């Protein structure tokens, strides 16, 4: 369904003194149709950037993304516009994902208008259907986003995306700004919708408990690189990378220090300044991903 | 007893009506305990913290009593409050990014807080600021003191906030979501730090994050629509919750099954009659719709506000 | 908090002033007792025939001031509407496209901003034929700059909002995004900018005309002021009270009207400001 190969993005900033920030570095993974890949990592490690690269909301530095047999990076603008409805993203902050001056109903109707998927006279009915699917009340349609709570706005975002009937949904920390009971509502809704419509999800989060429930496969990211990828039970029960182990047992293994910024990436293994198990060669040589079990890859000198 | 709050109400007049953000709270916090306050967004947690510090807009109506070391804070003059804030009671705010002054060096900001309260001279205050940065484990503190907030990462800013809160050695600390927005590994570090730094102090810890509450708190209270619905020692809440809201809240955790509480939290302008939770409660009966339940002691030290509380 | 605030009162007052002034300028022929170009006995003191007396060539001053409203407001509205439209369009382009075009626009803005606006306007106006169109064109040349700059910086913030990115993801074209998502959100700023520009033009035009650079035929308040000032002994006698004071008061009233409306609107136009909790935590 979705194959990502060697995806790399460097942002360059500054006009006089160009500084390159390596946000995503040679990332590869694949997701089967109807499955969920959970992408986990600390903030600033490049998760959102991966999502935006796949949708080509930012242009990649190198790499390929093949979606349903189509090489996305070779598409022209017009072709890209045609295929966009099939891949949608839920952004990190529900409140700023909706135009503050547009009524909820207008926002939900927007994709139908843009792609003319639903005839004009059926739109009102379709909106009501979607509103019901995501569990909003009909009266919400005439309100503005600031009159709804974060959780309700996130439902509006979902409704709008469903209007396009996409195959792939990239959910970027869809619940990180919501409290636990609202989080439970949204996550349940997403799971139900996936069952119903056979969506493929790329589920981005830094909450491992959430990912464990949502994902079939997990990819752990550190400073722009994937350090461990595998089926959810394998990664949870048999984590091989020291960073994954620390994440999973964040109560017991206290990592020293903080993530360095992507502007100054450490030499060798980029995790070595914080790694409790580092060896001499870790500071010099960068580890390559190694397959340790079926579909379970780890990039660490220990394995 | 470090602090006793009784019959506390905090109301905001707004064009749409009166927002009853805190509508009646009674609680006591002991000398060295960490008291956790948990509840859905908008239920009034931050407002309670700000009420204690007397940091709300003058148009706000506050009623009741907040007795701190024998003195009613609600009757203290503004001058008295200034000596209490920071020196006796400190608040560590939600969102360090907006609470730190972006154009002032981190060391100076801490030093300023110290000078205001301890009457130290500039040099001593600066030295003390470096000492505080060291205490919250910021590497090379004397150099870091001369940097601006934007040069610090999220976790480090949170450490600075803690350093500022503790700089004048207060005996009571209010921490509002001290780990919000931090990553798992950094969160674990901050929790460790808070545990050490507040060992001999009383703390009111406001948080959404139950894993943090479980690590730090001695007692926990659940707040719903401006009032406390249950409070008990840590174990009581996590192992034998009594109130349907508490059970619902715990049940919505991913590791406990991800079952949401149906419905939405009520508007604070217009509470439901009877039990404020009844429109969302699966055990609601006639009496719940009619009568507002009182907070009663169900087991020793375990209080609950529900007509049908059972274990 | 009661329903009516100081802002509301001032806003309605300002709006009232502006409505009256616009009505006066539209119905000037019906309201004015005489044609402002007819001549009567010069230098008459106020009387029941000439409520504000006559000037040095015998025009009825009241009629001149009433027709002056027309001229002053026409200049103010024409200049500010055109300048705002140009400024908004250039600001949108500069902010949204970013590229070479945006860079060029912003350099031009920077150059304009370093020039002392009023001085240059005076110099240019002095070398051009004396007509209201000269004044209008000169003011427009300088009027769009601030708007372009403000709109551009707002567009830059809006562009990074998720809802703009969402619209792109949903398949909206650039033009669609500008029209549907960006423009409606800069309109409040533009309205406030329009009001500031209009009151600025009222003052600047009065100043220019006062210096004798106004249109001698279509007399604005400033022009009336100019001729009054040229008349010997105007200050030492009582004549200033009916010749200079009325146009002066009109200028002050208009500026106050615009300012009050702008002050009241600023909050109204921002839906979020109204509901803000205002605690900063």
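Here the chain labels run A, B and C in written order, and each chain numbers its own residues starting at 1.
Operating definition for what follows: a contact is a pair of C-beta atoms (placed from the backbone, for glycine too) under 8 Å apart; a residue touches a chain by one contact, two chains touch by 3 or more.
Small disclaimer: the values here were computed from a predicted structure and weren't measured.
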Item to check | Farthest chain relative to chain B (centres taken as mean CA coordinates) | outcome: C
Checklist outcome for this item: Comparing A-B with A-C, the one with more C-beta contacts is A-B
Item to check | Centre-to-centre distance between chain C and chain B (centres being mean Cα positions), rounded to whole Å | outcome: 51
Checklist entry - Where the CA atoms of chain A average out and where those of chain B average out, how many Å apart are those spots? => result 32
Checklist entry - If you average the CA atoms of chain A and of chain C, how many Å lie between those two points? => result 50
Next on the checklist: Per the contact definition, I'd like the list of chain C residues that touch chain A in the complex.
Outcome noted: 161-163, 165-173, 176, 180-181, 184-185, 271-272, 275
Checklist outcome for this item: Given the complex, residues on chain B that touch chain A span 40-42, 139, 153-156, 181, 183-189, 192, 208, 210-211, 215, 248-249, 251-255, 258-261, 264
Item to check | Residues on chain A engaged by chain C in the complex (per definition of touch) | outcome: 52, 55, 57, 81-82, 84-85, 88-89, 91-93, 96-102, 110-111, 114-115, 144, 146, 157, 160, 164
Next on the checklist: If we count contacts the way the header does, which residues on chain A are in touch with chain B in the complex?
Outcome noted: 42-43, 149-152, 178-185, 187-188, 206-210, 212-213, 246-247, 250-251, 254-255, 257-259, 261
